[in-house]
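In order of appearance the chains are A, B, C and D, and numbering begins at 1 in each one.
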Amino acid sequence: MMHCYLYLSIILFCLGIVGVIARRNVFTVFMSVELMLNAANLAFITFSRVHESMDGHVLAMMVMAVAAAEAALALAVVILLHKHKSKLDTNVFSLLKG
Amino acid sequence: MEQSVNYLGLIPLFPLLGAVLIGLLHVFTCNRTKLPEKVYGILACVGPVLSFVMALKVFVALKGLPPESRFLVHKAFTWFSVGDLHINMGFLADPLSCLMLLFVTFIGSLIHIYSIGYMGGDKNYGKFFAYMNLFLGSMLVLVLGDGPVVMFVGWEGVGLCSYLLISFYSEDRSNVLAGNKAFIVNRVGDLGFVLGMSFLFWAIGAQGFDYLSLKAHVNDPAMTQGVLLTVCLLLFVGATGKSAQIPLYVWLPDAMAGPTPVSALIHAATMVTAGVYMVARFSFLYAEVALAGSIVAWVGILTALLAAIFGMFQEDIKKVLAYSTVSQLGYMFAGVGVAAYSAGIFHVFTHAFFKALLFLGAGSVIYALHHEQNIWKMGGLKNKMPKTYVTMVIGALALAGCPPFSGFFSKDEILYSALATGHFGIWAVGVLVAGMTAYYTFRMIFVVFHGEPRDHHAYEHAQESPAVMTVPLIILAVGALFAGLLNLPAIFGGDQIVSHWLAPSVTEHHPHAGVFIEILAIGASVVAFAIGIKIAYAKFGKGAPEPSFTGFADFAYHKFYVDELYDKVIVQPYKAIGSSIWKVIEPNVTDAPVKGVARLYMVLGTAFKVFQVGYVRVYALYMVLGLSLMSLLLSQSLN
Amino acid sequence: MFEHVLSVIIFLPILAGLILLATPASRSVARFTGLAVSLATLVLSLDLYAGFQATGHLEFVENIPWIESLGISYALGVDGISLFILMAGSVLLPLVYFVFGTREKGYYANLLLVQGAMAGAVCAADMILFYIFWEVMLLPVFFMLGLYGGPQRLPATLKITLYTIAGSLLMLAAIVYLGVSYHAQFGEWSFAMDKMAALNLTGRVAAVAFFGFMIAFAIKIPLFPFHTWLPDAYTEAPTATTFVLSAIMAKIGVYGVIRFVVPVFDLEFARFAILLAYAGVIGMMYCGLAAIAQKDFKRMLAFSSASHMGVIALGVFCMNIQALTGSIYQIVAHATSTGVLFLFAGILEERTNTRTIDDLGGIAAKAPVFALYFAIAMLASVGLPGTSGFIGEFMIVLGAIKFNTAVGVLAGTTLIIGVCYMLWMFQRVFFEKTASRSENFKELSLVEGLAFLPVILLIIVMGIYPHPFLSKITPSTALQFAQPASVVAQAPASNAQNLGLTIEQK
Amino acid sequence: MFADGLFIGFAVLAVLGAVGLVLFRHPMNGAMSFVVTLISLAGLYALLSAKLIFALQLIVYAGAIMSLIVFIIMFLNIQPGDLPQEETKLFYVLGGGIVVLPIGLFLAKIVKSLPEHSTEILGNNFGGVKEVGLLLFRDWLIPFEIVSILLLVSLVGAVILAGKRGTTK
């Protein structure tokens, strides 16, 4: 059964990547990142179960905390950007263009 | 053998201290209240006169020694000493340097006294005397130095002073350019001197690099003929620069840009004779290689010929004298070249008197005519300026080689030596030049003093110069008259005092030719003199209009376009190379690799710029692409 | 004389500079501090000079272990070679504060920093320490040039900084290589300079390391063809920086060659000396010729300085005691003459607001003292006997003749080349008719005149009576030639030994 | 078998939710579909005997974080016109899928090489609050504290970033 969980984790992770690189909506991109974090969490929990050690759970909690912190900051940035340009398109923000 | 006397060092020190003192006084007062001219004049004359007194003392001291040990040395201090190289700031007085010393200080003092009058009213009066004293001091260092390096100090010092004095009227660009030319041409010669010294040092200098040690080691095995020839020729290059020989004579005529006493000092007593003195000083080297001597002699006599040709067509009174100096220097080199060192030095000695006389006389004329130098604007001055006229005629006769005058004996000695050592070509050219010398000298005398005045306004205002200028003229005239008698050859009943006096210092072998040869030499000289003066009298004796030159004369009037040639062949290409390095080579060749690196980074930057699209997701895509490629590679190796 | 005099000479200016930078001191306070500190350093250096025994070995040694596991120590010491570069800096730098009184605080602070760093580089007896000071030296120059330079300063700053850093990195690699080789051959870590001479370096890697050092120093000197940063940097830099660069920093490049390359890479050095000598000679002629084409007197002096540095470097490459001693003597002579000329150029620029030679004229009539000083410095720079320039130049040419006749003859042409552009410039600026820009040229003030006087006198004294100076240099230079001979003789035998050693280690 | 059935159900829901997140145009729809994924994941955690994480997933993730996101989406009052025009979205998604495929396959290959293991629900207190809490405060105390600082920092950062305009104006 472990394999199935891990395959699911991989599928979700890949979907997250696709979301990040294919979409231009800031929210979708952000949530895709969250999706990747969750995929990782699933793998943590799975391995934790397999090894019957709860360190994975602790790590999952950490990830959640980081996700929360990230959410707070990212959303603040999104608000800021929206105020600046009233757009939610990542392509608008291309200050790094060479 | 050698005796140490500590007053030798004082001889150059007096004028040098004078120079420093006068220079400082001048610098600190020139833009404020000026000191009276008398202060400078007296201060300036103290140094040379004291040096002359010391020179007499040296002479007396030397005279008191037996001839073969007539050496006085003084080591002031160790100058520098590195490895084998030990150079002392040392001075050597032997008969040769003593003779030079005597007439340099004597004539130098006279010129200083004369200058008090001549330079009166100049706003840089003090500066002038500072330079003059420095000049004399440097010359004394040159003469008294106990080795080539100390000599080089004076050697360069006189070069510097000639630069300073020639560009004395520095507001006029052409004067400064003449000064630059003098210094740079001299420097070319100095390069030869330095290289010559270096080769000499590495051959035999390790045991002591002064004349006495060098002379003692001249037969060392390290001193091969090749080294000797190299050293002799390189040193001679130095001499051609300082003594204005082919090909480096070009600076001397331009040096007339300076005040006239300077010309007298440069031409008569000091700078230009340094080359001859140097060759005589190194006679122990030149005596070893006949070839070097021949080259020296031929360069000298050809210079004499060339300068005489130029001299026949000049219109500036000082340029005529300048070319005559170059020409006479040619004789001196011919003399030392044929190993008649004492004859060469003797000519230096007599030449110092009559050339100083002629220059100071010319200065007197110029002073009277308010700085007019063109002989075609003079004329008939003999009534207005009798003292100047008489003294200048004496000088001219001496220069032209009229029998009882000093120039005759010294020149004849050289020509006789050339003939006696078998250098018939040199002798023949020398006789020809003697005739030409008589011609252009008396051309000048006749045009300036005889005939009708050409510029009446200037003539009206002309008057005899003050005593401070004429007295030195008279003293020099006496010298020009009788100096020749000092070395009267046996045929006239003399016993060649100067030659015998110089014998311990120079390495020479007196040729013994028959009386016939001697009479032939004297006769030819006299005939040449007579022909020259006759032609001059025929053309200019009764006054003549300013000639216009055509053909060869025009070519000679323009000095064979040598200056222009040098300008085209050396100066312009030099500047062109300079600016092409700066404008073409530096940015495009030398700096090209550096700029290339910069450009490489620019190109790489622009190339990689394409990938910097600025969209976050594209950067994420790059990352994923990388991961993806890595995954592909890794999954290959996973099985 | 106290124990850590060298450390004080190094760190007093550095500390003063840092404090100045950190505090909101006014310009006049900064200038006064700079003057006071540099004068204090001068007094200490004079004391040092008086106490110098001229044994030929390092004196006033300080040695404190620093990073013991790698054998790096805080080691200082001076010998006859470094003493004179140290002295040149100490004697000349106070002048700047006298002459330029109205600059920003950072200008004076950076000047202090660079003074300390240069003293450090010269006194360091450990390679790592040397490298640190070497790099620190560049920083103040970067700031002074970039902040207070002329209108074209930014490209010049970038060029000098990148160029020099590129060289420094090569040197760092070479230093590490030396340290590692020392560990491989003797089984212990050390970066002490004097121990490196015992190394036996052969093969291609040694040649690469040799060129690593050489390029670093060649850039600093600067040796042809690595000189291209120089004209821009010297011209655009504020006068004091140009002065520091030409008078002292360039000399540390030469010093580096003498200290690192000659004793350590003796075989490579002997092999490539002729190449380097030609680089020196060609650089001398090339820069001398380029100088004649300049319209800007500061740039002309820059090329002249590069030209002379070619001769000085040549002296080192000629591998005989006359040339080497001449080189070191010429270092001081050049520092006094060309360095002072750069200061004079700064005065000219400040008082006439132009750097173009053609705009000037007739200054000699307006300012005789200035003209006299300038003339003396100029004559020293062209190597007139009786001035400091002659002794060194003569010995270098003499040594070069011994080394290789062609090189010697070409080196001699410096006599002519130098005089051409200098006289040309002097004629245009000081002689001829007074130009409108120099109409109101102000003579040197009394303070300035008195400040320059010791240096001008030094130029003359060093020309007329060089023996006391030379007698402090010669023991050290003689030692330089005592070493290589013995090492060369041992070389084949110890190569075999070396081979055995490496095999054992494998 | 029941557990297997649950797993399949949750897995399908999670994948569908994720696909919806990637494909929906409006972020609100995407957020809703992402909530489905999160809840299914919570179910999966429960199947893996992670009781505490199951609860936290529901409370913190599906609850707090997602409501924050939804709140912001609504706060910004996004009209369909504000949204980026993504006509070629499907191409991008397909392209992205192709790019990501090797990563997925590689990871799958690794997973395949691992030994299979049963994931039956453990009867003991595995994954309970007390056990995880003890572990957290014994072995993971420092990371835990660091995370708390991280949260504080992000809190401050968020306040400054979002509040910047309002206060400076």
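The rule is short, and it goes like this: a contact is a pair of C-beta atoms (placed from the backbone, for glycine too) under 8 Å apart; a residue touches a chain by one contact, two chains touch by 3 or more.
Keep in mind the model is a prediction, meaning the values are calculated, not measured.
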{"item": "Maximum centroid distance from chain B, chain identifier (CA atoms)", "value": "D"}
{"item": "Inter-centroid spacing, chain C versus chain B (mean Cα positions, whole Å)", "value": "37"}
{"item": "Gap in Å, rounded to a whole number, between the CA centres of chain D and chain C", "value": "66"}
{"item": "Approximate Å spacing (C-alpha centroids) for the pair chain A, chain B", "value": "93"}
{"item": "Separation of mean Cα positions, chain C and chain A [Å, integer]", "value": "60"}
{"item": "Residues of chain D engaged with two or more neighbouring chains", "value": "96, 99-101, 103, 107"}
{"item": "Multi-partner residues of chain B (each touching 2 or more other chains)", "value": "621, 624"}
{"item": "Chains grouped in pairs wherever the two touch, ordered by label", "value": "A-B, A-D, B-C, B-D"}
{"item": "Partner chain D, residues of chain A touching it in the complex", "value": "1-8, 10-19, 21-28, 30-32, 34-35, 38, 41-42, 45-46, 48-50, 52, 54-55, 57-58, 60-62, 64-73, 75-80, 82-83, 86-91"}
{"item": "Residues of chain C defined as touching chain B within the complex", "value": "159, 163, 224-225, 227-229, 231, 286, 289-294, 320-322, 325-326, 362, 364-366, 368-369, 372, 379, 384-386, 390-391, 394-395, 397-398, 401-402, 408-409, 412-413, 415-416, 419-420, 423-424, 427, 430-433, 443, 464-467, 470-471, 474, 477-478"}
{"item": "Residues of chain D defined as touching chain B within the complex", "value": "96, 99-103, 105-107, 109-110, 113"}
{"item": "Residues on chain A engaged by chain B in the complex (per definition of touch)", "value": "17, 20-24, 29, 90-91, 93-98"}
{"item": "Residues of chain B defined as touching chain C within the complex", "value": "23, 26-28, 30-31, 77-85, 89, 149, 152-153, 155-157, 160, 163, 167, 170-173, 176-177, 179-180, 183-184, 187-188, 190-191, 194-195, 197-199, 201-202, 574-575, 577-579, 581-583, 586, 590-591, 594"}
